[in-house]
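The structure's right below; bear with me while I get my questions together.
A, B, C and D are the chain letters, set down in written order, and residue numbers restart from 1 in every chain.
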Amino acid sequence: MIQGLAVVKKSERLADGIYSIWLDTEIAKTAMPGQFVMVNTHSDAHLLGRPISISDIRKEAGQIRLVFRVVGYGSRELSEAKVGDSFELMGPMGNGFPVDKLSPETKVLLMGGGIGAPPLLGLANKLKKYGVEQVSAVLGYRGETGGLFLAEDFKKFANVYIATDDGSSGTHGTVVDAVRENDIQADIIFACGPMPMLSAIKKLAAEKGISAYISLEERMACGVGACLGCVVKTKKVDGHSHVNNSRICTEGPVFEAEEVEI
Amino acid sequence: MNTQVEICGVKFKNPVMDASGTFGSGIEYSEMVDLNRLGAIVTKGVANVPWEGNPTPRVTETPSGMMNAIGLQNPGIDVFVERDLKFLENYDTNVIVNVCGRSIEDYVEVVERLGDEKKVSMLEINVSCPNVKHGGIAFGTDPHALEEITKAVKAKAKQPVIMKLSPNVTSIPDMAKAAEAAGADAISLINTLTAMKIDIYRKKFVLANKTGGLSGPAIRPVAVRMVYEASHAVKIPVIGMGGIATAEDAIEFLMAGATAVAVGMYNFHRSSAMIDCIEGIEKFMKQTGIQDIKEIIGCVV
Amino acid sequence: MNTQVEICGVKFKNPVMDASGTFGSGIEYSEMVDLNRLGAIVTKGVANVPWEGNPTPRVTETPSGMMNAIGLQNPGIDVFVERDLKFLENYDTNVIVNVCGRSIEDYVEVVERLGDEKKVSMLEINVSCPNVKHGGIAFGTDPHALEEITKAVKAKAKQPVIMKLSPNVTSIPDMAKAAEAAGADAISLINTLTAMKIDIYRKKFVLANKTGGLSGPAIRPVAVRMVYEASHAVKIPVIGMGGIATAEDAIEFLMAGATAVAVGMYNFHRSSAMIDCIEGIEKFMKQTGIQDIKEIIGCVV
Amino acid sequence: MIQGLAVVKKSERLADGIYSIWLDTEIAKTAMPGQFVMVNTHSDAHLLGRPISISDIRKEAGQIRLVFRVVGYGSRELSEAKVGDSFELMGPMGNGFPVDKLSPETKVLLMGGGIGAPPLLGLANKLKKYGVEQVSAVLGYRGETGGLFLAEDFKKFANVYIATDDGSSGTHGTVVDAVRENDIQADIIFACGPMPMLSAIKKLAAEKGISAYISLEERMACGVGACLGCVVKTKKVDGHSHVNNSRICTEGPVFEAEEVEI
């Protein structure tokens, strides 16, 4: 893990309030899909790093991609970044998605809701390289107002299904509705998105008896496991904390759904 | 040039350490920070048994600062000794163990357990815990309760005892004097200021615990004032903290009367914060022709 | 949509006013700010006789805030009535006169002098003055002294009395209850947090007075907590302040339990700060479908 | 007085750490030499406006010039300003130099030390327009390290004398030394610079029996007379404050030297 300046190489608007930037950073060397970085703002009044998932990685070029929604000060600053600007980054952080257990035969289902989709893109990319062939991706969006950002990119790596809140594209409903509607089969689910969606996926996975790995979010201060700010309640006593709380930034952000109380 | 300071017979290669709870046990940052360069490592608060802490959200940003309501989650003293203390044995720096508890007995249990641990240089007693005995009044805000716990801890402690004071009081000198009178070997301050933040769109408190402790540069001017008041009220050494970000800030606390300083939430912002302070202090001494860091301690009156 | 609030029988067209000492008598900003739009104008503290205040420097910047040690310079009540109050008669807004003194008699003299001034809607008694009687302990940090002065003022006051509390205390609820018990009609808080800043290159305090009061967004989380605690401790209305910069901040204080709010040092940063708050509150109410501002007062518990 | 955004039209480095910018602002309409503006930084952590004198004014073009030394956060930010950037400004503030009393015959002496010189440039410019013909300017500088910034500009309006701390140009010593060395005659002095220089000028003026107007500095919070942060001790009771303290931002920044206790 390192902390240092990363230089903006490309910056684009993907949809209303959704931006993508590629950054030059040494973090790319060791980064894995599902990990994240903490991005510092340039303001002395906003001192906590902003956790943003690594959406894609170009190891050789030494670049990572961040895709994010503008919600407040830090993400707005990042959205205004111009090529050549630099941001202080710490990372890579967290465990990432457990891809080692996969074999070429594994049926993988990626489920991403809104700004939860981007982190799965890097994973989809990597699955391809690993030789995993049966990859479905169910992407949930608000609908007309938000755009189907990155959906096209996923098509390179997966059978893509869409769910929208307003029914303007694909299934009218949630990503879980889309799985049922299309009767999508899977051995393993990787998911990222808002908490209600992750809860629903946890239920779906339990019901279908398949394992699901979900990426969680929580307010973070350090990102390295030092402050104990970002915990999630766990079924078993956590090996590090010795209580039923795991640090999302360190033991996560990706957890097996049945292990966490959400 | 001498940057070494001594507190209660313990020598520090420089006066810079982390503030408890902002640096884990050092392990967490050891990939990025050379722990050997620090004056000391102050560990996250540890109790006699594991604590779960508060529900989340536990942290939030505020203007030039942050709030936390971790609730002192910790794995308990047994795991701490086996794992964290063992890890720290690999490093050439002082270890100060921050101790928390719900009752005097809890504190004393931890203090006794650490008595024979050679790697522990000092004990820092956090008396600003939420949810302690005494009808909800923290030991840290009542001079009598503070004296009582200080005496109880001192009676059993084998290492020098630092009492860590709360800033949420009318009179810091009264609290500092109470700690000194009861036998404390040193005091440290400030802990966080009790604060609150409301999410007006959700009509809810931002932190699940409703209130949380405010720290960071925002509170630095309050901390400097309290360190100044405390160090002029007692003869025992003072460790100063509260919003230190740069070497200038660290020097400000030293000039106000602190013998050593701790960097807290700023470690989260920049992992090199303590190293930057250490190097910056050396640079300042060189530039202004100061031979011994003791020359600047308490030099502004 | 109703943004009107009532405090002790006095109607405010909206809950936004300035914090004493940050807006002069309104005159100073009247070229840039339409005073008629404000819920009230709170004047700079005024004493029975002119005060010189402290030596300079009296102000300095801090992270997301500032410190001041003006020392309550003021031209005295006679000039105030003749000039400032007369000026304010031209405006359609409430006038709250902030009163300071060195002894109870000083305060009472000012209060009596203002008794027949029709333009004065309320009195705000600043009991966090430095250098007052009682062996150096400000009235604002001792519940008994607070009761005493509140009673004395109430005995003579013809307008409703707001007691302005200091945040430099262990228990805000105790102070709020003391004011209420002694007959205060309302309380306002917070005044500034006592703080200190050192210029390390000159080895001197930045402010000539050594200490100063910290205000601004930096302290907002502390202020929100105290306003919440106070408004849950007493039945009289609370006017909240401390670091308000935007409408969101103002709403945060209202939700915490304040019936009205005051903007302080942020007026210095942006002269339109209060107008921005007023317009922002209206916008928030419209967007979230709130008909009456009273719906949000104290709505977060 | 107004507060609003001002747009940078020109930005240049005059000497080591000394910068000049021209800003488009309505403030130009009413600004007078000796008045100042408060410049807000772009940072939420630095909330007090920075008082900077108006060095020059182009009323018709609606522009003012600020010349400043980089000493901390705000002045650094200002020094990095690019054409097209905008800064929030409040002004014009203060009384300005009392030019009304001058007649074409008046012998005027301008005395500027370091970054105190720039505000006198706008005055020199105005004096010319007023028909004042006998204008001397004594400008004090550090010397070789700092450069003789703006000295050339003053030559358009005045007989220029230089004093340097290191003796690299003109008189080796202070501006007061230069006045004595060159036996400069004057009916009135306008001065701006560091406090020790102003004290020396006060003495000089008293000794020579000429009136001196000096521009003072103090830490400011509001700039409009509301906070009472910026006072100076006065000989007589101040008409506004009714104590022996005048507000520098409002009754000043220009005071008759003998009226203030410095």
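The rule we apply is simple: a contact is a pair of C-beta atoms (placed from the backbone, for glycine too) under 8 Å apart; a residue touches a chain by one contact, two chains touch by 3 or more.
A quick note: this is a predicted structure, and the numbers were derived from the prediction, not measured.
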item: Chains touching both chain C and chain D; value: A, B
item: Contact-richer chain pair [A-C vs A-B]; value: A-B
item: Distance from the mean Cα position of chain C to that of chain B, given in whole angstrom; value: 34
item: Distance between the centres, which are taken as Cα means, of chain D and chain A, whole angstrom; value: 56
item: Between chain A and chain C, centroid-to-centroid distance (C-alpha), Å; value: 47
item: Chain A and chain B, separation of their C-alpha mean positions in angstrom; value: 36
item: Junction residues of chain A, two or more chains touched; value: 44-46
item: Residues of chain B engaged with two or more neighbouring chains; value: 63-65, 216-217
item: Overall pattern in which the protein chains touch one another (line/ring/star/complete/other); value: complete
item: Residue numbers on chain C that touch chain B, as the complex places them; value: 62-65, 67, 141, 168-170, 193-198, 200-201, 203-205, 211-212, 214, 216-222, 224-225, 228, 243, 248, 251-252, 255-256, 284, 288, 299-300
item: For the chain A and chain B complex, residues of the former touching the latter; value: 1-3, 40, 44-49, 88, 90, 218-232, 240-245, 250
item: Complex contacts: residues of chain D adjacent to chain B; value: 44-45
item: Chain D-touching residues of chain B, taken from the complex the two chains share; value: 63-64, 217
item: For the chain B and chain A complex, residues of the former touching the latter; value: 21-24, 28-29, 31-32, 44, 50-53, 56-61, 63-66, 68, 70, 73, 75-76, 79, 216-217, 265-272
